[in-house]
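Which chain is which? They are A, B, C and D, in the order written, and residues in each are numbered from 1.
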Amino acid sequence: MINFQQVSKFYDTATALRDINLSIEKGEMAFITGPSGAGKSTLMKLIYAAELPDSGRITIAEWETDKLDGATIPQLRRNIGIVFQDFRLLLNKNVYDNVALALRVRRIPEKEVKALVLDALKMVNLRHKTDSFPSTLSGGEQQRVVIARAIVGEPIIVLADEPTGNLDPDTAAGIMRIFKEINVRGTTILIATHNRELFRDTGKRVMRLDNGNMVNEERG
Amino acid sequence: MTYSIKLALQSLWHEKWINFLSMLTIAMGLLVVTLVVSSIYNVNLFARKLPEKFFIVAYLKEGLTEKETQHIMSSIKDRGSIARAKYISKADALKELKASLKDADYVLEGLDENPLPASIEIRMKKEAVGPEAVKSFADSLRKIEGIDDVQYGEKFLLSLHSMKTGMETIGLILTVVMISGIVFICYSTVKILFYRRKDEIETLKLLGATRGFIRTPFVIEGGVIGAVGGIISVIIAAAFYFSVFYKLSATVPVIRAVVFPTELFLSLPAVGLFLGITGSLIAMGRIRF
Amino acid sequence: MTYSIKLALQSLWHEKWINFLSMLTIAMGLLVVTLVVSSIYNVNLFARKLPEKFFIVAYLKEGLTEKETQHIMSSIKDRGSIARAKYISKADALKELKASLKDADYVLEGLDENPLPASIEIRMKKEAVGPEAVKSFADSLRKIEGIDDVQYGEKFLLSLHSMKTGMETIGLILTVVMISGIVFICYSTVKILFYRRKDEIETLKLLGATRGFIRTPFVIEGGVIGAVGGIISVIIAAAFYFSVFYKLSATVPVIRAVVFPTELFLSLPAVGLFLGITGSLIAMGRIRF
Amino acid sequence: MINFQQVSKFYDTATALRDINLSIEKGEMAFITGPSGAGKSTLMKLIYAAELPDSGRITIAEWETDKLDGATIPQLRRNIGIVFQDFRLLLNKNVYDNVALALRVRRIPEKEVKALVLDALKMVNLRHKTDSFPSTLSGGEQQRVVIARAIVGEPIIVLADEPTGNLDPDTAAGIMRIFKEINVRGTTILIATHNRELFRDTGKRVMRLDNGNMVNEERG
């Protein structure tokens, strides 16, 4: 489902990733960890084609990311649900519309949108904040809106970049339960996190990045 | 599509003040352009009327029969570039001279014979009034049997002509500069407005939106801003017309001569719509993924 | 202070494109205003020259001695509202009449005595030319011993007067509308520009910045945008002047009569600076903690 | 140093804090914890006067926050270093200038600024990112810039709202070492966090908020 072959990514001043080989199967759940600035977010950006690799090949489902163009990139991205580390909520839209956006870009009829959005908000325990604007939400509430937006469209891949950074352990555990549930239903999930609690005792693969290098892989 | 409209109206509403400012800016821009265009239109109208003041006098030879005079008149009137030709008999000419001498007209009393020649006063069509055209026309008149001499104000004609072309040129330049200036201002307003949305567009792209999906609400938004701007400008223009212009024309008669191009004003909302839509399309530029 | 300047220049540079757009917008705005103001200035200049064409003729009684004539002349010239007074003797009047009769001047040959009266042609100061003023002036002339009659073109005077006030009123309205329109456009540009900085201002406040600290870099930034806008407008105006206007004046003579108000153009950077500074002050509004 | 007497704060749709009594001594280090949306950030905002209480009294050092005005609020805030949960970095300024801003608002001469800023950046391990802009930093790097900005001015109070949400355990431990160090030098420190690791075995006070109520207080 997600395949990296000898992928490197260099920024002007920093090497973000060097010779990464990676293969995540359909329906797998995997974790990436590593210190701050190791390249975790960059790896995610390469998957959803927000950045292109400087060398190597990346294949996501049937797409090769460096062969995509303006017509196919949206197709790829509609199949991926992303929990952005920096949230990327639209400040001029309320919670409902922010979550609904993920469905609307997929051209899902408005009458189906409502039920799906409210379901997703219920899952992350934010049903009561439907009409609030992002600026009036607490940090953890904002993060849960982003999670709801990532899963509402039932994508085939979910990428979650530090999804529990602003969440207390109990809420975080709740979010992990959701991820496991949709993973069981067949969604491929890749989570970048510092929080060891998330992968402790899961038995899932945990890849460790350090300074752009894949240093080891273990089981959580 | 209905969703795009909803999205556009939502974001219009969410930032209503700043959008209202842009609408007013576009309204002002449109108003300024129309005001200038209609001023220049009026000036040109005036300039175009100037040639009506110009005429040529053809003096007739002495002792022509009525038939001969008729013949000359009709041969002049046949020419395409003639607007009007008026026969002034010897008697009329004398009357005019007497009138111009005022109280001193007794000087003419001693005369036993009218010494003034009959003449034809010719007004040419406006578009035919030009230095070369008039000269060749006068020359051709001189060749007509029975015409003694042809006179016209050469100096007047020259200054008239240069005044007319001058006004037209300045008007054209002014219009072009103004319109491009205002179009640029509208563009820049929309551009600055959308520049703030860079992040929003970026997020939409990352969520898998197509170009069309991203553009539609922005274009609708731009269109609404432009159209409302146009409507506001019409309202301001109408208010201006009735409160100032209309009242003033009672006290200052010249204003009555000013033509207010109503169609131009009524087309402003459409112009605003067009400006807003193209403005937002250009402001967004090519969306690259 | 030096830090504020650095801060301002930094953020000017960081968003150079959008700032450049604002500069161009302000430049365009200033250009449009100056163009309109100088057009109207020229039209008014023209309108103000009109009264120079107006004159009054005072016919003198027959048989005045040279001394009496001198006396009348000097008593007319003493009046404040007089620009020029020209004595036209009986002989001169006859010469003029002969000239105006052209080839037909032989009608006058039979006369043994010159029947035309001597007269004084009076041109009034421009500012004194007005329907009532001229009437009362003419009446006062009639009372002078030795003056037979006073004549002037009443109709000409009336149409002249209404034309002049008409032009002046329209010019004034146009100028006011234009200037307020453009000032608003500049304000709105700066406002939209600073609206994007709401977050930045909020953060500065939370870091403990005083009002002055927050305002200074924005004001400097606004000032620079305005001043550069002004400079750009001067450059465009100069380019326009030399490329179009200057060349055109060779072929279209009227343009030579147009006055290009150089001081106005040279003051544009200062006007832009002022606009930018007040614009950003108003755009920021009251900073509340 | 920080004193709350029966403080309540209500938003249109939510009760953020109810009848909070709180007293933190000069030179103390304390923690606030509690689930997402409990009111931790709101409590911090009341301290630096970004919000005013709907009832009750708040005294910070010699200032009563609801008696402050445009002239005195900046004075209060210059004495507080804040790690904002949402970072609040200026995107059009590089790392150096973002950190320096905290000194410049205090009108500290430019020649002293440089040494102080570079020192602070060295402490958070970001000396090599001095000239980078926030948008080119990883989430954890951005968070460390915010921490550097909060401590660079040697304020008498440091408020840190979820300061390690984007940091790996090692880096987080490093940040905690810095906080302890400046606390030893006399700075009052209040940290809002979900991360139990931060206060485990510190022996410091840990206050627990839930749904706007102060539910218990324990020792870490």
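Couple of notes before you dig in:
The criterion applied here is as follows: contacts are C-beta pairs under 8 Å (C-beta built on N, C-alpha and C of every residue); 3 or more make two chains touch, one makes a residue touch a chain.
This is a predicted model, so every value here is computed, not measured.
Taking the definition of touch as given, a chain qualifies here only if it contacts chain A and chain D alike; none does. Chain centres here are Cα averages; for chain B and chain C they lie 22 Å apart. Averaged C-alpha coordinates give centres for chain A and chain C that are 67 Å from one another.
Centres computed as Cα averages put chain A at a distance of 63 Å from chain B. Residue positions of chain B with contacts to 2 or more other chains are absent.
The residues of chain A never reach two or more other chains; the list is empty. Chain-to-chain contact here is organised cyclically: the chains close a single ring, every chain touching exactly two others. Contact annotation for chain pairs lists A-B, A-D, B-C, C-D, with touch applied as defined. The part of chain D that touches chain A in the complex is made up of residues 11, 13, 33-37, 40-41, 85-86, 132, 136, 138-141, 143-144, 161-162, 165-172, 194, 196. Contact residues on chain A toward chain B in their complex (touch as defined above): 48-50, 68-71, 73-80, 82, 84, 88, 90, 92-93, 97, 101-102, 104-106, 110, 149. Against chain C, in their complex, chain B makes its touches with residues 18, 21-22, 24-25, 28-29, 31-32, 35-36, 39, 97, 100-101, 103-104, 106-108, 110-111, 115-117, 162-163, 165-167, 169-170, 173-174, 177-178, 181-182, 184-185, 188-189, 191-193, 195-196, 240, 244-245, 248, 252-255, 258.
Touching chain D in their complex are the following residues of chain C: 2-3, 7, 10-11, 14-15, 199-200, 202-211, 213, 287-289.
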